[in-house]
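Quick one: the structure is below, questions incoming.
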């Protein structure tokens, strides 16, 4: 069967980008089941285009990390959870950029881990995308060494309006999602975000063509994206912290400081989630997670740090309809959408 | 000379309280030089009134820690700094309350330092104010022991609208001020807050009748306040983090996590401030601050932790007009106001 | 060619186990090139054998985590580095155990992250090893659910005598190695430990049959091991923090608190190591590592926390003789040893 | 009455200094009740004597922070606590020194909070002691500014042999005491250290003539000391973490990382101590400590950070014989000793 659902293409104008989660009006209203085909600009607003474009010269905080959205999802009420399934995440350009930003990144003092030392030098690296080999090309600045990293596109930032009337800068990850920088937010994954305000108001951006675990310098291989996604509402279930689901695993993202607190949040949440949905006792689940987790460091360089607790489904009771089974439904639909697209091209 | 300045009395209605810094409209417009006489409700919204009033039963997050304000200060532009001088801070009631809140406070796991353990029991302690002895009376719940702590009233929370279009919950301390919980914010002190939005939009609340260093359980002796303050704008000087000044000392509040980062922020800021304003080299200032600081732990229990770097003026070059000398001016004015009030009563 | 090197079998008596790194006499002197076949007891000293054996009843601190060793390596001098290649790491029993320990583990308050709450309950889980399917069997205590985890044996603890005349408890990971709990310390890996005292004095233990990333509850699937390893000395090169090498990757283990400092140590070390050995500039290397790292959380539950920075060799200049190329030499030798063993059986 | 007790004068030779807590033989055996008059060298081993003496040129790690001791106290058994009363702490020289050390101190990246940045410059400041005004004189290096700080001598380092067969570098503070850097360790205070090995094996050093809260640059005004102290054994009471007592307050030092864990240790310990010795409930004590604590940041710059929880006795039930009342006994004795000394001079 070829999916005939309408796919809404959305390319924001420069003035439409969002710079916070919360505190901004939606750019569109959508319905559960809708499929969107979005353009997201890179975290530099497209301003870093050559090695001569130093971040502090061409970008101006807080106009960094533009988000496409927010979207008001009809029927999403506080206490529900939005399910956003990433059907396809494709580089929108054949190049991408990475930089060092003064007083940002894990191996530098920062505005929060403040010292009296001089900042590291500012640099810009431009990467070439090679779709044939599914890779991005790194070229050293100070020598002729080059190498290729696998093209593994994902969205560094995806979130909803926060609770408690807050509006948060798009560089921040927290309970509402945001700048989590987890490579798990890739095509095929469903991201669950607890709804705090009517409509949920999700937005996304910060395309990464590839990234190392921990995003050490604070900046991935940053690029614009064309992303197809679908949206559902899980009624009556509230994800306190962002949950993710793939065909193979369930996950929770914890984002706070120090890094061990991000770990604690993510793992406490996944233990309690599994215990509740499977009927296993909390202590048995604690033991199971301790041996089964495939957790990953997402970033150690933002306003908060992020760790993603990840438990493969193969270690868990089968036939658990995680989040009411919405992932399987959305995945199948996504495959149909992509098959339909392919058929038409 | 008796000060004849008009003092504006402001008692918010329940609907007027602010629950965020940023994101709310001002309740009044004021001018530099204005003197306000404000009522601030306690952090419980006045709902904890007996030992039977447990926090989780009578309070509902996020309607906790109501702020009086915000106030739009005419002429305050981004890049300036608001100077708020606390002329008088007086308990508005003859009793106050403290509680334990589930999963809050330094000696409990919390929503961020998350564990699988049970929370500590919820309790409420009611304190009596004795104005004669300038003390508050503690009575143990589980035995007949009682003791008195000195009445040392201050505002746990004071802040402005944050930068970068953010709105932050009133329980959070950060660069914009907020829930810093420093006993230095008492009568006689001037609090400097960098202006991020036109008018600055400051508000305050969270009266504490007394508090131990670190606010260990996360809750001080909480009470409503009547507070007289004056406001000025320091043009063209931007306090990146909250500064405080008393007759004897200058201070900077750093609020972040982990606690050492709060320390680093506060002390890096005060070193750079002193070096810039005195002409001492940064390294000499670093040495001087290392031996001269009288820094204090403010709280270890909020969304962020706060430490206040404090350097007595007697160790610093004399005749430095810190923040353009506005503290002395406001202090003198404040004394005149209080003298005028006394004369009239 | 069949390797004819002598393999020395060493099974310590109970009195021979080491409880510290540093401060104990060697149990044997060996030469570079020697191959040892060691027995290591499990972290409980073999005392937890059924679900009724609760840790606090059968184990007595500090007699926890017995180490086989230390070994004095002839010719190893301060400033050199020991290279320990794990040729074969095999479960010595067909069962293993995991437990919860009061006030230990990432999702509990601990003696260091101290709170006033009650500890979690103490439990013991016994795992069955299935060599046919290369798995270990988990059985829930409070329900009839069971599942299997892959058998992935490694040593949680391996280290040398520390610098600065210190002796450290065998539960501590730090610059000398120790209780790092990284699954990278498995058969086929070479562990590099900087030599602080003549002979280096390495020991190892803490066999894990499997473990989740982060060792959430603080305890893996713990079992006795039979381990074949070879030892070399890398003269004139000093590994400040533990390095690891596999056929595919180079790694550095950072162990400290908070967890972001473990991350910082590991990644600063690997950047500087790569820059020095390849001639790439530090900033180019910082960028490369930021996109190439496959770093892993080792544990978040010890006296210090451990993160392992890991960079695949395929992203790095080829033909770099990391640590003088000793890994390849030891790996080939190890294969010959195992082939010889197989031939004899 | 004039005290006639013998006071033993001990001036170590250079070879007698201890560089660890634990792992070294005692330099003397003493009895409970003994009074010692000790010389302690400064933390530089007396090698920094002019502004030209840069730390990294004249000092060689780990020969930093020499300790006078250890002393074997007869009758002190594991499970007891040593009580060390500082009768008199006097500068042994009329000058002192402070420095910046590369990659050390709170406002610099360090070997643990590792970054890729350059270290801060190395500097040395020499202070003059003015006994008449009880002050030390700071002179800026880069300008002609000078100022005076109060002479407030104390010992930055005092400790016993650690538990679990450990030996720890003298720069480390932990449960055994060590490099806590608390100004509370001054004349008139009693320091309680839990005994882990027969004789306890205490030593002390690291005289500070003055220091700011937090010891920001990692180095106080460092000077040699002549210190008179007496020693007792509190039988059958074990101080898990260092306790301190003055005439006015009881205290506990917590030393770990991150800084909030030092806070948690210190305050959990003092709550449990007070609850146990007074019979107050733990929750009432938690509340009392939250309002009564006068806690202080000791240092944020060592291998571990230290915070001292401090509760004034005036807020606590009177007539509690803290630590069996040994402080009062030792204080009275100390006064008698000093009166005797004065009478003889």
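Of note:
First chain written, first letter: the chains are A, B, C and D, and each begins at residue 1.
One rule holds in what follows: a residue touches a chain if its C-beta (ideal position, glycine included) is under 8 Å from a C-beta of that chain, and two chains touch if they have at least 3 such contacts.
These numbers were taken from a predicted model, which means no experiment stands behind them.
Looking at A-C alongside A-D, one finds more C-beta pairs in contact between the chains of A-C. Of all the chains, the one whose CA centre sits at the greatest distance from that of subunit D is A.
The geometric centre of subunit A is 36 Å away from that of subunit B, both derived from CA atoms. Mean C-alpha positions place subunit A and subunit C at a centre distance of 33 Å.
Computed centre separation for the pair subunit A/subunit D is 49 angstrom, with centres defined by C-alpha atoms.
Of all residues in subunit C, those touching 2 or more other chains are 107, 113-116, 120, 257-258, 264, 268, 271, 286, listed in ascending order. For subunit D in complex with subunit C, the touching residues are 19-20, 22-23, 61-62, 111-116, 163-169, 254, 256-258, 261, 264-265, 268-269, 271-272, 282, 286. For subunit C in complex with subunit B, the touching residues are 107-109, 113-120, 258. Per the touch definition, subunit B reaches subunit D in the complex via residues 98, 100, 105-107, 120-121, 123, 125, 138, 140-143, 145, 147, 149, 210-221, 257-260, 263-264, 267-268, 271, 278-281, 283-284, 286-297, 300, 305, 307, 310, 315-317.
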